[in-house]
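Before we start, here is the structure in question, set down as C-alpha cells.
Here the chain labels run A, B, C and D in written order, and each chain numbers its own residues starting at 1.
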Amino acid sequence: MRRLLNDPYDVVEEMLEGFCRAHSEHVHLYEDDGRVVVSNLAPVKNKVGVIIGGGSGHEPLFLGYVGENFADAAVIGNINTSPSPESCYNAVKAVDAGRGCIYLYGNYAGDVMNFDMGAEMAAEDGIRVETVTITDDVYSSENIADRRGVAGDFFVFKAAAAKAAMGADLDEVVAAAKKANDNTRSMGVALSSATHPATGRAMFELAEGDMEIGMGIHGEPGVRRGKLQNADKVVDEIMSYILPDLPFEAGDEVAVLVNSLGATPLMDLHICYRRVAQILDEKKIKIYSSLVGPYATTMDMFGMSITLMKLDSELKELLDYPCNAPYYVKK
Amino acid sequence: MRRLLNDPYDVVEEMLEGFCRAHSEHVHLYEDDGRVVVSNLAPVKNKVGVIIGGGSGHEPLFLGYVGENFADAAVIGNINTSPSPESCYNAVKAVDAGRGCIYLYGNYAGDVMNFDMGAEMAAEDGIRVETVTITDDVYSSENIADRRGVAGDFFVFKAAAAKAAMGADLDEVVAAAKKANDNTRSMGVALSSATHPATGRAMFELAEGDMEIGMGIHGEPGVRRGKLQNADKVVDEIMSYILPDLPFEAGDEVAVLVNSLGATPLMDLHICYRRVAQILDEKKIKIYSSLVGPYATTMDMFGMSITLMKLDSELKELLDYPCNAPYYVKK
Amino acid sequence: MYTDCILGKDYFYQVIEKIAGLIEEKRDYLTELDAAIGDADHGFNLSIGFREVLKKMPEWKDKDIKGFFRSVGMTLLGKVGGAAGPLYGSFFMKFGEPGSGKDEVTFQELFEMFKQGVEAVEQRGKAILGEKTMVDALRPALNAFEKAMKENLEAKQVMEAFVDAARQGAEATIDMIAKKGRAMRLGERSRGHLDPGAASSTMILEVFLDCFPF
Amino acid sequence: MYTDCILGKDYFYQVIEKIAGLIEEKRDYLTELDAAIGDADHGFNLSIGFREVLKKMPEWKDKDIKGFFRSVGMTLLGKVGGAAGPLYGSFFMKFGEPGSGKDEVTFQELFEMFKQGVEAVEQRGKAILGEKTMVDALRPALNAFEKAMKENLEAKQVMEAFVDAARQGAEATIDMIAKKGRAMRLGERSRGHLDPGAASSTMILEVFLDCFPF
C-alpha cells in the first residue's frame, strides 16, 4: 500500500474533519450529522437548495464543490458507497430555504435507494425534493437511463447550481440539470485500480502495462481490456465512442473536461487534451472552454476520462457563472 | 508503466501544446521560444516582471501559476531539468515592462547556472534581472543557502507576484520574495518514485510498504527510509523537523500547504492536514489560511509534503491578493 | 404445533451479536466477492454497520422486540450505505414488527418476522428471483420455511430447511447473469461469481439456526 | 614536433557524429548512473541535445571550426538544460575558439582547444578535483595531455594518455563523496557510485581518440 491513512474505519470521518478545517472559510459539518458538508452561506435566502453526494473516495467530488453559487451541501457516504437516507434527509434540513431542493448524483442503484428514502423523509416534512441522476458514461449501457454518472457530474452540478444561484425555481433548476445531463457524455480509461483503505490492496486487478477502456470509476468493466496504448491512440478510441453518441457534430460548441482518475499527472492529461483538441478541430467542433485536472477521481487510481458537454447560450452562461468553492473557483 | 504518453522525446512539447490550448484564456507560448509560457497580459505596464521556472514534471508548478497578478512567465525545462539560458533570457524579453524582472526558482545547481546565464544575457540588453532562489526544504542541508526548493515555491511565487502586482519596484519585489522564502519551511515523505517517461521505469527504487521521510521531489534522499507508518505518525515526524527549524512558536500565525507529490489523493492529504491542524492547535500556532492539494508534484510519485509559512500583516496581504491563473484562482 | 417453541429477546440479542462477529470475520471474504463483480465494499460496509450495532446494543436492552430490531435496522440504514444499507436496514426494521410490545415470540411469529423482512427487501430493491441478488437466497429460504411448517416438520428441521434453501439459492447465483445492482452492467462477465449479497444473507440466516435453542 | 599532425574539419565532424551515436547507445546507462545519486536524467537529456545537434549539423557544414563548435555548444546549451547543459555547452563553445577562421588545426592547437574547454567547465561549475564531478575526468585528462606532449610522446600516444587519465579519473569518483551538483546533498550515501558526468565526459574524450587519424 502506498497510502497515508490511519485506522481504515476512521478514514471518512478524519477526511471530513481535515476538510472542514482546511476549508473553513467555505464549509462546515452539519451539527446534527457528521456526514453532511454544508456551505457556510446555506440556507441561501430564496434559493433552491442544491444537494450533491455519493460515496467517498472521489474527491474533490463531491465535497469540494460546496460553496458560494455552487452546491449548498454534499452528502458523504463510506468509500465507494452511497450515503444513508438520514444524511440525505439531513442535508435537506440544512439547506432548504423554502423553495425546495434538488438532489444531484451519479446514477447508481445504491445511491438511488438512499436518496429516494431521504426525499421521502423530506416530503413528510412538506419539503419538495426533486432528483436528477447523472448518466454521462457513454459505455455503461445502451439505455441512457441505465448509464452511470462519472466526471460529467461536474458540469451538471455547475449548471444546476448556477441556475439556482440566479434565482430560478425548483422546476427550472431541474430543467437546467436535465438539459446539462442530456448534453454531456464521458468515457474513461483505467490503468490501475485504487487501493482500498481497509484491505490495503487493489480493489480489482489490472496488471501494469494493461488498460481497460470504458471502465467505471468503481472498477466496473468497460469496452475492452488490452495492452496499454500510447496517449493519442487511447484518446482516439475514447473519442470514437463519445462523439457519435450524442452525437457531437460540426458547428457544435463544447466544454471539454480531461479528468484524472487520481494518480495520472497533469503532464499526461495535457498530452491527452492536445489530442482531444486536434480531433475536435478536425471535426469542426468548437471548444468553448476547457478543464484539465483531477475533478472526479477514485483515490489513487491511474487513468483518465474525457467529458464533452454540448453548449447553447444558456449552458454557456451557467458554466461561466462565477462561483467560489474549495476545489473550483470561477471569477 | 501506467502513463499516458506518446514519444518520450515529445513529452514536454506536447504537454505545452495541450496546456496553452486548454488554458488559452490565460497563457500562450512565446513566439520565439517554445519553452516560455507567457501570460496573455504580459508585459504588464509599469509592473516588475515575475518569471518562474524549472524542470518539467512538477505540474502545476510552474506553468500553472502564470496569469493575472501571478507570474508573468514560466520557463520550462526538460523533465527534472532546468531550462536553458536562452529560454530564461527569452522570458525576460517577453515580459519586461521597463522596470526589470525577478527570477524565482528552486535552489538547484543546474537551475542556478542556467538562470544566471539568462540574467547575464539580459544584462547585456540593459535589463536588470534579480534572482531569489527558494530554499524551503528543511532537511536538505544544515546550511539554509544550500537547501532545495520544494512546495514552498508556491508561497514565495504568490507573495512576490502580489507585491509586483501592487506596483512595487524590483527591490521591493526582491525583498518580498526573500521575506517569503525566509519564513517558509517544508518537508515531505515519498512513498514511491515517479515513472520516467523515457525509460518507462521508476526513477529510483522505493519498495511498496516503504517510505522515505525528507526525500526531495527529484528523489534526493532524506532523513531516513523505513517501513510506512500511519498518517499521524508521518505527520508528527515531519512536523518535528519543520517546527523547530524556523522556529514556529506559540502566538505565530501561519499559512499551511499540505501538498500531494502527485499520486497521493485528497483523502489522504486531508487526513494529514487534520493532524497538522491538531499539532498547531497544541502548540498554539494559529492557522491563517490553508491549501490542500497537488501544488508541486513529481508526476506520478506517491507522497506528501507539508509547508508552513509564518505570516505578518504584509505576507497575509500578499497571499490574499486576488489572482487568476490556470491552477490557482484567488477571489 | 410449535406451541412450546417460544423465542425470547435473549435469542435475538445473541443472534445479532453473533452476526456482528461473523461479519467481522468474513469481512474481507465478502469484500473479495464484491471486488469480482461489484465495487469491493460489501464486507467492509457491513462491518462498519455491525460494529455500530454492537456498540449501541447495550442501550437497547429495555426495548421490546420491535424496538430492538427497529434500532438495528436504523443503525444499519444510517451506517452501511450503498445497496446493502437500505436493503438490510429495511429487512431488520420490518423483521421486528410482529414483535411489537413483546419480549418473546412464537415460532409462527418468527416465520411472520422473516416474511416481513424478506418482503421489505423485495419491495425496496424490486428484485425478483434469478436476478443474482440477495433475494435469490432470502426468497427460497422463506418459501422453504413455509413449506416445512406446512409439512409439520419439527422447529429445528424447519430452520434447517430454511438455511439449506438459502445456501442453495446463494450457490445458484454463481451461474446467473446479474440483472440488478451494480453487477448488472457486467452482463455475461457477471457469470461465474457468487453474489456477495446472497452470500452475506445466507451467513445471517445461518446464525438464526446456529443460535436456535430447540 | 607534431607538425604533420593536422586535424581537419572532417575529423571534428566525425567526432561529433560518433559522440551523438554513443550518447544514444549509452543513454539508459548514463541515466541509471544518475538515478543512483542524482535525478535520473543525465543520459536522456544529453540524448535530447545530441539528437538536435545531429539534426542541425548539415546546416553548419560551411562554418569554420570555431563556428561549428559554437553551434554545437549553443545547441547543447539550448536543449540539454540542468547542470550538463551549461557545462557541456560551455565546453564546446570554448573548445572551438582556437579554430577561429580555420578549417584545420595543429595538434598543439588541439591541446589548446581541450584546455579552453576544460577551463570553461571549471569556471562555469566552480568544481575542483575530488568533488565527484566531470572535472575529475576532464582535468586529469588535460594534465596528462600536457605532460605527454612535454615528454614528446607521439600524437597517438598523447591521446591515449589523455583518455587513460580520464578513465582513471572517472573511476576514482566512485570512492568520492560528492561536493558539487545534485549529489552533494547525499553526503556519505553518494560514495560507491560512479559520477554520471565523469562517465559521460570520459566517453566523449574516448571518441576523440577513436577517430584520431594518426
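Here is the rule we go by: a residue touches a chain if its C-beta (ideal position, glycine included) is under 8 Å from a C-beta of that chain, and two chains touch if they have at least 3 such contacts.
Owing to the predicted nature of the structure, the values given are computational and were not obtained by experimental measurement.
Listed by label, the chains touching subunit B and subunit D alike form an empty list. Subunit A and subunit D have centres, each the mean of its CA atoms, that are 54 Å apart. We define each chain's centre as the mean of its Cα atoms; on that basis subunit A and subunit B are separated by 29 Å. Centre-to-centre separation between subunit C and subunit D, using Cα means, comes to 76 Å.
Multi-chain contact residues of subunit B, defined as those touching 2 or more other chains: none present. In subunit D, no residue touches two or more other chains. Taken as a contact graph, the chains are arranged in an open line, each linked only to its neighbours along the path. Taken together, the chains touch in the following pairs: A-B, A-C, B-D.
Note for the complex: subunit A touches subunit C at residues 8-9, 55, 77-87, 108-110, 113-114, 117, 140-141, 146, 148, 196, 198-199, 203-204, 216, 218-221. For subunit A in complex with subunit B, the residues that touch the partner chain are 1-7, 11, 14-19, 21-23, 25, 56-57, 59-60, 64, 189, 191-192, 197, 208-209, 228, 230-232, 234, 256, 258, 262-275, 277, 287, 289-294, 297, 299-300, 302, 304, 324, 327, 329-331.
Subunit C makes touch with subunit A in their complex at residues 27-28, 31, 35-36, 38-41, 44-45, 48, 51, 77-87, 124-125, 180-182, 185-186, 189.
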